[in-house]
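Each of the next two complexes has chain A plus one other chain: chain B in the first, chain C in the second.
Moving on to the complex of A and B:
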């Protein structure tokens, strides 16, 4: 045990913890699950949803596990009759303020619904709807992001994400009390705000209140997830391609980021990686090398033929006009290694310094 | 982008100057300050005084005003062609029904009772006495030094008058003991607990006592900056503070004084919401710990006190902690009791801490009609039946009753009041004033208010079947004190006035 480490007890079990950690973090490491809705490891704990409340020895009231800092000798209880009652009533309140399906459960969305999952574990108290007067932005014509106020639990993950991670601040909590909603300045469409359409707010939303307009419905159960690398730029963000259909007819129906903490992009993507996947199945997409023939038309070729044709063409220009008549521009989709090789071709193979990378200016 | 810091702190003031939130105003302020537009929009829409442009008359719909006919007054003003808006308790319950004109100046359509204890130099605050502006206690404090001052505060056993009754000296020591030397003293003059109007009277009658108390506190905890956060509806009170600051400038010029306006949000009386508001944000309470004494305004150690707590300080320094302590009946000191509703002479009375309701009402001209219930400290304290009239009105005894002294805003109700309706009014207040941050309070306050409305409308007690569970969860699960007590009016009314919640005829 290092000097900043100490013991605490969770549900009677001794756990090692360090100064600065939260109850949730220690519990997670120990495999003790504490439910949360407003928590996202990328964000400062807000302690707002109250789903994670636990008993802390010596505290009169239940305290939020996501935010409560551990200290030496602390004793935590995460399951008890008191906590069970708390969950039952709290979930009941959430359900009274939520869009429900025929069975009285929070509706399932294309991105699941964590409130539904919780309500399936602990039966909520059946309360009358509170019919909160919460406004959305039905006029928002942006092509990617929809907001459904009746599915919003006001956990503020989206606004905190937009602020703390994206540093864009396009969306905000607005109004007060039961009228609180997620808004933009002037309730304008996202295209008329600073929004970069990164879709991170969708990704962090626990209930599907924010959803991809391009894939509004739940995917079929047999949809496959394929981990891939975004090829839009050199960062190399990892993607999960959600593929529906069988071989031959399979299509990418949605793209998400792997969960935070798993890959280099830590759960984040940009507009291109998340939304610009239509090219994959576009009829104009070029899927094989083409060489323009004497007839002026493009003809399919092998890679070897194409590379040979390109090398010959470049060689002819150099022979006739000199090396500096050539210029090499590499794509922003190339990695650093590829860019290096490109300048190597330019300088070492052809002898010109006319080398550029399209995102360099 | 300026998400926090000096520019952000300006936005609410700018919104006020520009006359309220519109798209254009928000864009302009964003350009000027660098604060993102959405942040300004979201912050502005939190506060009722700036959330929309234009001017309107505001009619109080607090309990005391409702029982003095504010509903009728509202209709009358609207029929006369005025644009009207209901507003939560204006802190003018002794002149109910209270209103504000288009420029937030108070207009009284009722009887101005404004009862007060006559001049008595033995009273620490002595609101009925001559203005006390010698600042001799501050001079004495500077002579004796911080430790001696804090020792007197401790000996006085001064409990915070803002509602919680927390021992003042613990906070003073807490701030003084911080490593960080940039420290703040904040005066909480957001007085908005319905039924409470004592801070108003201190400011209007003894403003220098307040300034002196704050200066002594700042001296003792070694803070340079003193901020006064005053509720936005207190326009004449703000002018009074400005005047007093000017008059006393020579004696207190070693401190930097800044007045911050509230902008229409009861929750900003809660200390951390108040700080958020000063920082130009939505008034949503922070999680505690950390407490303001450690992490307060601008993240720095902050000593916050209610107006009355600060106003007790000069007398304690001058006459000693023991003297102050002994003034109390069951707990230390004197207390300003506000009393309104069905009493003959509503007002603010400085009495020994721990008097009973009967003793208080005797000073307030006696009961008006046959009293049946009283609310000892605003809606947050729920209701007690008149049979509890002999409980000492102090922090400890009322807490044992399941109620609280809170800010000592007592409202007396006689037998003409329908307890179910009075309960509904109190719940309405909490629903409207919930910040909306946490679900137990945001949804719970609305749920309870709707169920009580539905009970009153349909006469079916089943509407209240789950009220107890919801109230329990609000107390257990809410972030701040608002949600924790917001079910109290219903809980207590159902306990003490079950007959009001039995079957009744449809309305």
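Moving on to the complex of A and C:
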């Protein structure tokens, strides 16, 4: 145990902790789950949602586990009757100001709804609903991000993400009391703000109040998730491609990041990685091999015809002018295996080292 | 100087850095997720030095911003070396232990005083001094650069100058300290690693090295050419000259992406006798193709991409290619067979990777099977199946034993402004689009943010020339003419303009200069001379119409 490490107790269990850590961090490492709505490991703790309140020995009030720093010998309780009573009231208050389904539970959204999950575990106190005059921006015509005020719990994860991670401060909390909402400067549409359309706000929102316009509804239960690597810049962000439909008609219907802490992008994506997937199924894709005819136009052909024509054409140039009159341009957009094959073709099949890709440029 | 072109650090080390020196990289737009790591470091208290001709987004967060004239990097970096040496801030132990040739650099940089550098670069001498001091005296100091450094006729010199700074301060072989070229494309690292290079077999084994050649001849069962090939820039010039007469182009729009595009179009029309394009969309190059083979995009095939920090990660097939389009690796196998070569019947890219790994010590320990288990991917060097991969390079000293300093003298850019073409044009990428934009121009949000080509210029230039914001103008260089919308911007220096390279209908590369770096032949995309003409009689030197 180093000099900055010490023991604390959580639910009677002895845990090693370091100076500067929060109760939430130590508990997570020990496999003790503390519920939260407003916490995201990429953000500074805000203590805003009050869901993670715990008992700290010697403290009169319940304290937020996400923000409370541990100290030597501290004794923490994360589950008790007192905490359960607190949660019942707290969830009741949230539900009174939330869009509910027929069973009186927070509605399911395309992005899940963590408040719904909490309310399923702990039955909230039934309270009269309030009709909060919180406003959205229905006239915002940006193609990606919508805000549904009736689903917002004002935990400020989105605005803090926009400030602390993306650092563009396009959205902010505005107004007071029950009118508090997620706003932009002058309530302008996101296209007219500093927003870079990264969509991180959608990703971090715990209740689905921020909606991906391209995929606004929950995906069907049989949707597949395929982990892959983004095909734009060289950062190598990992993506989860959400695929709907069956063989032949299957489509990428949504792209998300793996959770924070798991991959090189730490839960983050940019506009291209998260949203620029329409090209995959675009009608302009080339779908047939093409051969240029006598008329100077490209005409559809079978694969056999096209591959034969390609090999004959390239072979003819080699015969006439030698192998070094050929050039093979491979692609940093294609896979490593395809680049390997291309250089093998250039070198082993045609006998020239005239093989490159755009890395010179 | 100390190894292959790749980041010496890992992306997740950025957040722990205490100093970031970002030069020739508009990171927030070209590598937005790496920029998030930089922002995190800065919010934690790390210092930031930015040098760039444009007042890029990161410049607003910088402790020191050096807004240099385009193409004067050697002056700036040699002056920083001068300060570090003259103020005794060098890491003499590291220099003695791990490097050679320091005296040459000491002598060469002696005349690059910050005061003289100020005259050439436009960056204040005092800021150059301060930047040199905090770079040299901060332990966890990392350099991050990209094509703003390399796309010059002195791009190699720029890289040498940066490496000199790294070596004289010993900022190498430690977490968060090193030299980090941020690679521009998803798999540019992997394409080079796999041997798509005129001088290297897979894993940087030289084609002129006889033992390497023997190994590949044995594996592939044929005799191989002992001569170095032509790199892309030279290849394109050979097409223009009629020396290359057959091209097989997979997944690149060479006409929109290469400099001095109009000469290349003539070459493709008149000299190129056969052109095969393997593509997912029609582009400018497919207009010249004799055969077009429809390939698959990343979501439609299996394989690996290798990112900027040498991390090999899986690409997985999620959907089928459209219509009769096919996975590119299958097309290549069939093409090789039709050409009379007994290419093996690989059942999957995993088998292709295994063949490459067996011939390539750097990645010998990597396989698709291991990548299934390693969710974070594996970083090369990874020489055997039990090796965990290498997050930080040169931990045990430079890979090559001793690293060489390289003394560099300033050479001006190939084409400087004059009376006829008085403005300096640089080109680059914007956040919302990607290269030839065949993908992003089909995306509503990208087009809503930036839907057409623009030319960014300083308010003073715009006023002098009589342009207003949003006006359509012609941009003219010795090589071509395109139109664009004026964007008046506080980011630009007076006398400098900037354009993105994404737009097919208004191609910046009709203007750019294909003069190449003497070592890499990389074109000078970042500096060429242009004039801007208005449509209503305003602007500089209007043509007679």
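Brief remarks on what is shown
Please note the rule applied: the second predicted complex is superposed on the first by the 286 of 361 C-alpha atoms of A that agree within 3 Å, B and C clash if a C-alpha of one lies under 4 Å from a C-alpha of the other, contacts with A are read in each partner's own complex, and residues count from 1 in each chain.
We take it that contacts are C-beta pairs under 8 Å (C-beta built on N, C-alpha and C of every residue); 3 or more make two chains touch, one makes a residue touch a chain.
Source: prediction; values computed, not measured.
By the document's definition of touching, both partners, chain B and chain C, reach A:167.
In the superposed pair of complexes, A:229 makes contact with chain C only, with no contact to chain B. Contacts of A:316 after superposition on the shared chain: chain C is touched, whereas chain B is not.
By the touch criterion stated above, A:175 is placed in contact with chain B alone, chain C being left untouched. Once chain A of one complex is fitted onto chain A of the other, the partner contacts of A:128 are limited to chain B, with no touch recorded for chain C. In the superposed model, A:343 makes contact with chain C only, not with chain B. Annotation for chain A, partner touching more residues between chain B and chain C: C. Within chain A, the residues touched by chain B in the first complex and by chain C in the second are 167. Contact residues of chain A toward chain B in the complex are 45-50, 53, 61-62, 64, 67, 69, 82, 85-86, 88-90, 92-94, 96-97, 125, 127-128, 130-132, 153-154, 156, 159, 163, 167-180, 183-186, 188, 193-194.
By the touch criterion given at the top, residues 1, 3, 23, 26-27, 30, 36-43, 45-46, 51, 265, 282, 287, 289, 431-440, 442-447, 450-451, 454, 466, 469-470, 472-473, 475-479, 484 of chain B touch chain A in their complex. Looking at the complex, you find that chain A touches chain C at residues 142-144, 164-167, 191, 196-198, 224, 226-238, 241, 243, 247-248, 250-252, 262-266, 268-273, 275-282, 284-292, 298, 303, 306-311, 313-318, 320-321, 323-361.
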